[in-house]
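Chain lettering (A, B, C and D) follows the sequence in which the chains are written, and residue indices restart at 1 in each chain.
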Amino acid sequence: MRNKILTVTTVNEEKMNKKAFIKIMLKDEVLDPQGKAVLSVLKSSGYDNVKDVRVGKYIEVDFAGEVKDGHASLKEEAEEISEKILSNPLIEEFTIEIK
Amino acid sequence: MDNVSAKKNDTKKTEKLFGLSAEEYSKISELLGHEPDAFELGIFSAMWSEHCSYKSSKVYLKTLPTEGSKVLIGPGENAGVVDFGDGDVLVFKMESHNHPSFIEPFQGSATGVGGIMRDIFTMGARPVANLNSLRFGSFSHPRTPYYLSEVVKGIGFYGNCMGVPTVGGEVVFDECYNDNILVNAFTIGIAKKDGIFLSSKCEEGNIVVYVGSSTGMDGMHGATMASEEFDLKKNKKRSTVQVGDPFTEKLLLEACLEAMEKKLIVSIQDMGAAGLTSSSFEMADSSGKGMIINLDAVPLRTSEITPAEMMLSESQERMLLVCGRDKFDELKAVFDKWGLNCVEVGEVIKEKEIRFFYKSKPYKTLGVNTVVKGPEYKRPVKKPKYLNSVKPLNIDNYKIPENINDAAFKIITHPNIASKKSVFTQYDYTIGTATIVPPGFSAAVLRVNGSGAGKKGFLLNVSGNSKYTYLDPFTGGALAVTECARNITACGGYPAAITDCLNFASPEDPEVMWQFVNALEGIKSAALKLNTPVISGNVSFYNETAKKDGDKTTVHKIYPTPVIGMLGFIDDVEKAVTPYFKSEGDEIYILGRLSGNLGGSLYMDLEYGNFMQKPSEIDLDYEIRLQNCLRSLINKGFLKSASDISEGGIFVSLAESAITCPNQTLGFAVNCDTSKSGVRIESFLFSEFEQAFIISVDKKLSGPQKTAVSEICAEYGIKLEKIGDVKKGIMKINDKIDLKSDKIKEGYFSVI
Amino acid sequence: MNNKKIKAGITVFPGSNCDADVYRVLNEVFGLSASFIWHKNKIKDLGGYDFIVIPGGFSYGDYLRSGALAARSPVMEYVKDYAYKGGIVLGICNGFQILLEAGLLSGVMLTNDSLKFECKDVYLKTLNTETPFTCALKKDSLLKMPIAHHDGNYFAEKKIIESLNHKNTVIFKYCDENGAITEISNPNGSMYNIAGISNENGNIMGLMPHPERSSEKILGSEDGGYIFQSIIKYIKER
Amino acid sequence: MRNKILTVTTVNEEKMNKKAFIKIMLKDEVLDPQGKAVLSVLKSSGYDNVKDVRVGKYIEVDFAGEVKDGHASLKEEAEEISEKILSNPLIEEFTIEIK
């Protein structure tokens, strides 16, 4: 079952099923049309205390075990994946949690 | 579906859950010789559902005209097939996805489009165009914008990604759909005449192969759900919504066509409603064979799934096919190339039964015939009471409004009339480089690329009018067919064949059944006269919702809504005519005759809040002469534009002709002595679905040409009357209408 | 040089769907020898082609970001190689997005400002006619072509925009039918109405509108054809 | 089942700028076409130790201060917004963090 609890559990077992949780957001200076649209929907639905909305992505990568050769850690591998494949560094920035 | 153990004393609950009646349940027990268990019950309830078995409609559908010189395959297969000449065939069908779209409009409409496209490429045809017919609740209902935007997004999402242009459709708003929106999707594909694949060719010893996406819990109960009223919001612990993956379907399309091209497939059927159940049983049945199905081999997305759930899952983007054992490796290579599952799940056997294996052991065996031969009903019919109060309109009981300009403006800016541009610009209609006349005009006109077709092309249109069908089911049915034909003829095409999508409330209500039977009669008689056989179709019943208001429960039923999709042919797409005026100074004529009957019209609804009057009947013999006459004028090149007179009447027809011209805003000055034909000005302006067309011709037509036009009209016995001229920027009719084209244009394009 | 001798390669990714249109137009309308390059083919060297087209569609469903996944697929390595050596590469719609994601052109595509898929005719103003893609055109020519995309909202940092302007590599801008570059004629919110750009060298161009859908009169416009004619002219004269 | 386990960081300043961080994922049993496509690209790019990918949304809602009338807390308001506007409870589930 997918782990849905956001609280970080420290696990020592290296071989355990581990996941990378990658959050990708548009950089602040990049216009976020989707966020803007959500904001206007919220405002028109009466949530007028909302000041801003940004919409990003949340990607769970399940590594089920070993790290790929040539990578020091899952974190490093996840970083590589995030940078090379999952995000576009020109407009996006990411943060990774390994759990 | 997780705790589906059908306990013996629990038939009442079973009924609710599975949509089977007590009699049906006993019949199943009798056929099996024992009470059905969960697996059997799941299979029977799916196959005996209204959706799969057509149990309430079958007896009537059988009476439709299905044959014609151009029809190669009529109803019965995944889609119908029409001969297009030069070795090409066109394959088309329309299908409803109403209930799923009401529950989750984006995914529901997306998977509706995905499903109908699978029906087409299952036959070996490459989909080349999509259309859709949409019905939403009243335009001012708070949920309507949500449904409209999500449904349109869903349709675009799927069709655009597949690379199939969406070239037409209709969008109608009416209160009666507040709790039951309708999403009917139409797809047409093209194939070589000798490249058609059927579900009925299985041979003993062939292997059964599962291709495409893995099986999950999607759309569990879809087949039975579609047959139930939405009386209670079922407490769904798990998600059973089908999620569409057009990317995978695009791969599936390419893989299937490649495998077909390489002749690796013997028989094939898409997994649509009731997924693996209907595909396996129906393929076995139509081939007169049986199958072994090994459930252990079914590719799964979740391990927590029971055999019954595997059989009933409606996960999208899957196909079941049958191939020769010696071809499997080659077949697998094709699907590997496209990155798709391709797994042997069984074998075709001589005995007409399906033998299921599960966990490496024999699990269940069911007779093909037993399961497939569902019940067939001739349900009670009764003329609806409300029809007694639908009388012919006497317009003299209503006084002429002071300001007809206002009435006209209200009509042209009514959501059902106003431009649907903001809808169809969300669909890719130019992909394929074949769209000659795009959406926004009468019928879509397409050419055919990459074949010997030369300049010939085909035309498509979908139409339905539920208000008229409600007021007069027979006329409404006939009108849907006629209206499609008018749109096709107005472009210069010949109507060729139709598909239908019959959306009704519960067939267990005799009054609904009466509507159904009579609407179908209407379709039948029009299809016979116009020589447009019905080659495929779909019935969607139970479009009604029980709503609790205090302790009172009222059932909200949709108007009977038969929708027709029509295919037409044209010899030279360059000769296709569009409905809009071309240049200032051209002469405007009415071709045909006017009834002036405002019964059931939008005008009566908007102006007096009462449209419960009898619409005009259609004189089908006249209709044929009229359309033949129009086509003849177009083919001879005499017309610059032609437009039918549909909802909103002549005023709307003229106004649209003036403002939909892509690069200029035209107008008209019309003078027509309506009293001569004994009708009042509003009747002339706003009576709908007249057996007539608004046409425009070049004023510089020479004398002999004018004579030729008159001769053609005389030959067909059709009246032609000049009513005015094309102008720039103004709309004038007698001394009653005086409007600015710009203002009308702005209103028309800004409503939706 | 006979058109038939000109070899065009059309990349095909899973989910490409304008590949067949480009193929037909290049072969049938312009009489070239165009063929497909399947994304998994290990051709390595694309040197045999006179030019490469990355067609539109929904490569990998456009999931994640439009063009992102295709840009990371192996065949793009060969395309990069080809382009770095000066080969002519044209990216149309999704192909443009792929070129951006692959770093062959600079900037990114965001979702249209309408947040909707937009299918309609637009007008383009030709700003630079000294490229292989525009050399048959006159400066400021207006071209009518259809767009059909969900993510065509061109975005780049100020620095990049400055460099595009400086190097004259904005090739097409959206404009109205009179050639005025206005907000109203911008169909997707692109910065400065940018519809197509090239690299500094001019051998790689991406544009959102579809020239292959506007290369025949019967389809409403032949203007897109000038782009292919330019490529042909360039190749013949080089 | 929709999971509403929230890790709430307690902040004393009531008027402080507060944001809701809302993570929206497809329910486990719902097909995730995006995740599937990303997985296949990761695999073909050599990351063959990756077993599964799920793609969801991450939405930051900036409340810049007060709670809307009729709501006990920002968390409650964010929950309402997530349920009614941001997510589709039929196929998605969300978790909220207030920071």
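Methods note: a contact is a pair of C-beta atoms (placed from the backbone, for glycine too) under 8 Å apart; a residue touches a chain by one contact, two chains touch by 3 or more.
Just so we're clear, the structure is a prediction, and the values are computed from it rather than from any experiment.
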Neighbouring chains common to chain B and chain C, by label: D
Pair of chains joined by more contacts [C-beta pairs], C-D or B-D: B-D
Intercentroid distance (Cα basis), chain D paired with chain B, Å: 38
CA centroid of chain C to CA centroid of chain D, Å: 37
Averaged-CA centre spacing for the pair chain D and chain A, given as whole angstrom: 11
Mean-CA-position distance for chain C and chain A (Å): 32
Multi-chain contact residues (two or more partners), chain C: 60-61, 63-64, 69, 72
Shared interface positions of chain A, touching two or more other chains: 57, 84-86
Overlap residues in chain B, where contacts from two or more other chains coincide: 245, 247-248, 339
Every chain pair meeting the contact rule: A-C, A-D, B-C, B-D, C-D
Touching residues on chain D, where the partner in the complex is chain A: 3, 5, 7, 23-25, 28, 35, 38, 41-42, 45-68, 77, 81, 84-86, 93, 95, 97
Residues of chain C that touch chain A when the two form their complex: 64-65, 68-69, 72, 101, 107-108, 110-113, 115, 153, 155-157, 189
In the complex with chain D, residue positions of chain B that touch it: 103-104, 107, 213, 216-218, 236-239, 241, 243-245, 247-248, 301-302, 315-316, 339
Contacting residues of chain C [partner chain B, same complex]: 14-15, 17-18, 21, 24-25, 40, 57-58, 60-63, 116-120, 146, 148, 150, 177, 210, 212-213, 216, 218-219
Contacting residues of chain D [partner chain C, same complex]: 33-34, 37-38, 40-41, 44-45, 55
